[in-house]
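Shared between the two complexes below is subunit A, which has subunit B as its partner in the first and subunit C in the second.
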Partner chain A sequence: MKKYSILLLLLMSLAWGCNDKAFLDKQPTNILVDSQIWADKSLVLSVIADLYDRVPEFQTITNWSEFASLDEGFASNAGDYGRHKNTEYGYGEWSNWDYGLIREVNMFIEKCGTADKLDPAVKAQFLAEGRFIRANIYFELVKRMGGVPLILEPMTYDFSGDPTYLRKPRSKEVEIYDFIIKELDEIKVDLPKSSVIKSRATQGLILAMKSRVCLYAASIAKYGVTTPTVTLPAGEVGIPAGLANGYYQKALAAAEELINSGDYSLYRKKENLSENFSNLFIDKGNNPEAIFVRDFKLKSGKVEPWTLQNQPWSQAEDLEGGRLNPSLNLVQSFEKLDNTYETYATKKADGDYIYFSNPKDMFANRDARLEGTVMLPGSFYKGKQLDIWAGFLLADGTIIKGDNFGARKTLPGKTAAEYVVGFDGPIDNLEFSAQSGFYVRKYMDLAVGSGQRGVMSEVWWIRYRLGEIYLNAAEAAFELGNKAKAATYMNTVRERAGLIIPLTEADITFDRVVHERKVELAFEGHELWDMKRWRLAHIIWNGQSTELTTNPGKADEVSTRVFGMWPYKYYNPGGANDGKYVFQKIIPAQVTNAHRFRLGNYYSDINSTIRNNNPLITRNPNQE
Partner chain B sequence: MNSKISGTVDYFNRKRSGLPADKYDVLVPSEIGYTLPKENLNSDAISGLEASINYDGKVGQITYTVGGNVSYAREKFMNSYKPRFNNSWDNYRNSSENRYTGIYWGYENIGQFQSIEQINNYPINNDGQGNKTMLPGDLMYKDVNGDGKIDGYDERPIGFPRDRNPILNFGINISMAYKAFDLKADFSGGSMYSYNQNWEMRVPYQNTGNLLKAFYEDRWHRADPLDLNSAWIPGKYPALRFNDGGHSNYNKNSSYWLTNMQYIRLRTFEVGYTLPKALTEKAKLQKVRFYVNTYNLFSLDKLIKLGVEPEIMDENGLQYPQNKLVNLGINLSF
Partner chain C sequence: MKLQLIIILGILSSFLYSCGLDNYDAPGSVLEGRLVYNGEPINVSYNDVTFQLWEPGWQKKAEINVAVDQDGSYSALLFNANYKLIIPSNQGPFRSKLNAESASDTILVNLNGNKVLDIEVEPYYMIRNPLFTVAGSRVVTGTFKAEQIITGVNAKNIEEVAIYVNKTMFVDFRSNVSATSLAGSEITDLNTISLNTTVPELVPTQTYVFVRIGLKIQGIEDLIFSPIVKVNL
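Right, the complex of A and B next:
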């Protein structure tokens, strides 16, 4: 009997144990559940930080090689030479259909709306930020794909076997732009008015983004008429030309409101204007120009490799660098200080070379942004002079060069071997050497260790800055016929770059507008979208292997291949020019094909899987 | 039978339904932003038999026990969600509906070329290149569909699965005692599985490495390797080519490289001798027993010729084999 009662007791205790809810309902220890997150604003912040971070981007400092996809730069990296060998851009290039991210943002907005444990002001700001991120994603989508289905709530399939009720057609392109503008207008009041906050949405950012969004919509409306085939009958692609002026006015108004608010100002901290310009991108302490950034932090795991990947080889802190080489196409676009364009002359009228004692003299009296954007032969970085020279040019025209960084050979008439090429190259086909003759400077960190794999850099990526807003205002004003105003805004930006002779009303042309954005905003991820909205992309990247233009101020000059310019040391013992530098324009050996941007590239391919899953989705034009 | 025979028989058939799979015909718009979870759609089954039997006997002064057991277990895929095939060949070749799993597909080897003349007059395109890469000794494949060339349409089921335990396993155990001697032996074996030679076990000088001894010693070759006109000497394996895994001898799974396996091995074996009690008691011991036991002493199988052992699965033969052990020992009881 005793045996049985013990057994009974044991059974009872087990049954009692199983009834205990606390025993079975365990809180997970490895994830946070909704009820925990929405009760604590710092946890909500971490959720939205992740969403901020995942907004798609094309060219940025964490994917240097995309800057070599167009004509701003050459990719000095063995795995990326293909960028200069493609015959045409694929229709799938730049496409994005990340509705998974949109779903997450929609869920964030939905849950934020029902959260009842947050302070109302905090909640309103989070809600506004969620809507800002969503608008931002739709902006990225409309830039790439045209009109897309506008999904504003998380959708769920009910497993009924018939998912057709989930099908939503593409909105018109103009509807997406209008949606973005409406959202920005609505959320503005809930956001802080602060120029100190850089990595979250602010009222200043709303104005900045609005000026850009309206400008894009306006220029697609205006310049879309030049490419009538780049439209779809239901308006998923293309914006009616009649809407252009309205958008230009909105763009100008938003830009002016921001400029006149005085919350931001152009960066002017250094006396040397080139140094000032390059510092604008790396100075994170009280930077008055940056409006919205993607930030990084050392020793936090979130660092960026731009400096590591692009540092000059001669002073690389690790076994890599030198990847992005700015093209001569870009370098020759920087004006002279008298506001004129001039390509670089390497020879005199009599056919003889022009000799320079310092290679940097070649680039003297130019727009200060040139050296702020590009490291030139003879430039300094981290206090040390670069070593860019391709070899010796002998008096008889022979060239003696090496096939590795700082290779040594014996020159004729000498007995000892000496360096015959710089420690930065340029050497054709040698990755990390300055194969175009230049290295990039924009966003290059000056901190020691920024070129080490184990350290890297915390320089931020500026998504919006006041300089662009001035140019947005200038462009909108120009398109609205107010050239005087356009000149004023443009001159503000130019004056900061040392171009102190103001442009007059008569100087302001479409070419000027295009050119100013090209030199001010190089390597900032604008070029592709600008060329698309102006409908210039298929003209300047037309697939023809033409020589480098001699008219860099003209907006529609063909620029399908990236060119370079190499300095050589002149070797002529006893001669007057012995040891001086001469230049030769070249095309890097790896550049074998011309970029071809077809009409079907204006709006990227919506792939067949997407179209099969939802037959209401129409295909983008000119991709048959 | 005086309880001398005992045994069991078990039959089992385990069916599983509701195995997770995707419904390919439900296309959800990509815009919902997530992919659907799998649903409970497929089914499979494992069926088999297990049996064992024991016999205790005595002949004169010998007492013995003999036992045996056998198990058979085979997996079958039952149904998938709305199977679809492009054509009847696709159905035949790629369907798994209601079929045993792991069926080994390949080409049927029907011999080796004996002479250059035979190759020149051979009507079937054996190597896909008009037989220009063929030499005497090279493998001939069966043109199953009779279209005059050897290609993927000539593949047929040629063997049992190679990548799992044998379908049929069996064991025999014997123990005997005669006066002071005792003996125990365990045999285990398997059947209905395949061993496929590949990589190092198939291609001479694979990855510019070495080659199997058997490939070298028994191969087709010329009487004088430096004289292209000398006669061909027949052998078992094709003529050596250097690391040429793309050659038609080697780039196809065929019955030539597949061994239909059966094996039986002496897993453990032990003989012992116990000293007479009269002797041990003098030394104040209760029992003294000398013994020899072995582990994996030998196996009877078809892979001895290749120098690998039957219980490995790796096609390249580079798997570590089972140990063979021989122990000598004394049991003392105080």
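Right, the complex of A and C next:
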């Protein structure tokens, strides 16, 4: 008993020792607290790196399938065929309402503003980057939703039971654009002027982004007039037409300042112009054209699957690939070297096929960007030739083809079986085969292993590059009536693509502006926003099952379904054309419906949950 | 063992009896009718024209969207209540009419049991006397008169007129096997407009098709149509 008393006493004395306040006041070991982060610039960098990474994006190399939701490509993947079967785009499509992210950025800005242990210059740069990210998110929002509530401080609920004081109405669309432009102007001085920094905000990026933002605002002001119902009375949607010129001037000034600064230049490292153009997107060493990128790194956990998902089946390094097939709609848009448009002729005037010894001859004398953007039948990738051909066409018109990659059959008059279809297809309804007859080349990594699931690729995603800035300048100059200047800027970009006959002042039309962006910026995530701001989307995706246009240079030609073009080998033993290639234009069997972009799609739906929680939010037009 | 199974089954099957205490009855009143102009139905394309029913008094606001069918008819299965019927401003090839009772374009619907309600609207144009003939083997010709209803400051021009032919009873710009359109600027006489289109070979073979005329008004998304007609080839 006495023994227990002593033990009890001993235990009690231990409890005594806990009296010290500091004993319980411990630093957590699993998270970093504000006071630690805001004292160390490398920790702040990792916070802002996370924010950079979370800026929303629509089409990018980490979600290939969105490129197939418009008319640039076909989705050769069983789970995505629905993209070609929908009758219309939902009103909620492309919507974004990520105020959680905006709150985090606002908190970053607030905390950065009060941090006192950082070097002032470093602190100013972080603050500017925080504001850049916030401006960037608001740009993504205004493109999708129109005017949104402009929240510039982290709002906090006081748990009083009445959250109504947190409700903010939508700003005007023009106010959001003006806010972005103002922010960009203000933060520019605090950012480094360096063309080597690609994945963080720089002065060059501010100018690049400003030219794009102003151009969007300007064209919404100018072309919004053609769709008078796509407006809201209080201006949450729609920009007054009178402001168009001012924005065009700002866009042109920003683009010219960047071009004339000489910090960036168009990428010209390879002699072969097509190779040069495709290299522009994958060359990460000293790339003079890239302005702002989303970067990836091998073996770091942050790699991207674009090459894995889109590699040609005939040389796939893993059991997948070939998903994104560029459409004939896009492929036929590339001009001939004499600056004329021409669709591909598959037959002569007398109705007979045109025969090609090499399938690539079909695409000869075209804009070098064609081969730089698209892998064509007969193209090379990673040093090996693609194997795209759909079957044998017999002299009597019958077609012999297989239903698997490199299927074998016995041709009439022969005894042994042989290949009757290429190892890349095209085979209708077979995923990963080139169902449109083409594979995508832009952003395709050439590194060995980039097509393996366990390795993947570290090719970056270029968000801003100088080529676009030239076209922004050209468009703004054209809209301001300065066609000579527009021609100069456009010719600079075209010359790099091998179109050395310069366009003259008289050649510059709205159709030219639209067309040039289409071919230069294909698969770079511009098409939807461009078509929206020009108010062309409801015209070119009007829901009607129209045949493929014969006038690819015209801006408002209907392009609701994706088409393809398949090469066949001609089989006619003893005939002059035996073994040569012929082409047939097709529509992939999975393309059953036409895209329909309704007026209500111009600004995405703000759903009823948001509107019920905050009755001050007005609904976007034409969605009822 | 067997007894346990029976008990478990018994308990499970008792779940099939739903608890009648806190359940609402299913909506049971049918509101139906047509969109009409002077009693004539307004023909539209499917899934494109909708109107809204609002039931005031609830905490959260959400409309009931009612779709209008191709022949201008609609029907909705609803709870008995007082609804406000609103045709949103950019909906349909027509304007709403002023409702005397609500002194606005809102129509008050007091639903107590089934109800038939034709909604009067004012279309910009009406397609009059559509007549379809088949010439040769497969050329379908449609002749009609486009009557302009709304004139004066609010008048709108015709953007285009078109004839649509389809295998099934869904006939419009999305669903057709052949179509021919004529731009509004090329129409010389609104009283007689004629359009023809050649019907391609149908697989499987079908000796009849469904035809109608559509009229697109400038600045208005939804088209107005003529009634769907079945013609034998």
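Note that the second predicted complex is superposed on the first by the 610 of 624 C-alpha atoms of A that agree within 3 Å, B and C clash if a C-alpha of one lies under 4 Å from a C-alpha of the other, contacts with A are read in each partner's own complex, and residues count from 1 in each chain.
Going forward, contacts are C-beta pairs under 8 Å (C-beta built on N, C-alpha and C of every residue); 3 or more make two chains touch, one makes a residue touch a chain.
Only a predicted model underlies this, so the values are computations on that prediction, with no experimental measurement involved.
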- Once the two structures are overlaid on subunit A, check if subunit B and subunit C clash or fit side by side. clash
- Message: Between subunit B and subunit C, whom does A:T229 touch in the aligned arrangement: first, second, both, or neither?
- Response: second
- Query: After superposition on the shared chain, which partner residues are touched by A:R598: those of subunit B (first), subunit C (second), both, or neither?
  - Reply: second
- Message: By the touch definition at the top of the document, which applies to A:T60: first (subunit B), second (subunit C), both, or neither?
- Response: neither
- Message: Quick check on the superposed pair: does A:N329 touch subunit B, subunit C, both, or neither? Answer first, second, both or neither.
- Response: neither
- Task: Give one of first, second, both or neither to describe whether A:E624 is in contact with subunit B, with subunit C, with both, or with none.
- Result: second
- Message: Applying the document's definition of touch, where does A:K168 land relative to subunit B and subunit C: first, second, both, or neither?
- Response: first
- Check whether A:N612 is in contact with subunit B, with subunit C, with both or with neither, and answer first, second, both or neither. both
- Note on the structure: The only stretch of subunit B that collides with subunit C once the two complexes are overlaid, out of 182-190, 200-208 or 254-262, is 254-262
- Where subunit B and subunit C land on the same part of subunit A: residues 612
- Message: Taking the touch rule as given, give the residues of subunit C at its contact with subunit A in the complex, in rising order.
- Response: 50, 52, 60-63, 65, 88, 90-91, 173-174, 176, 179, 219-221
- Along subunit A, where are the residues that touch subunit B in the complex? 97, 99-104, 149, 151, 154-157, 159, 161, 163, 166-168, 609-610, 612-614
- Item | Touch list for subunit A against partner subunit C, complex | 87, 228-229, 538, 542-545, 593-594, 596, 598-599, 608, 611-612, 615, 621-622, 624
- Can you list the residues on subunit B that touch subunit A in the complex? 26-34, 36, 39
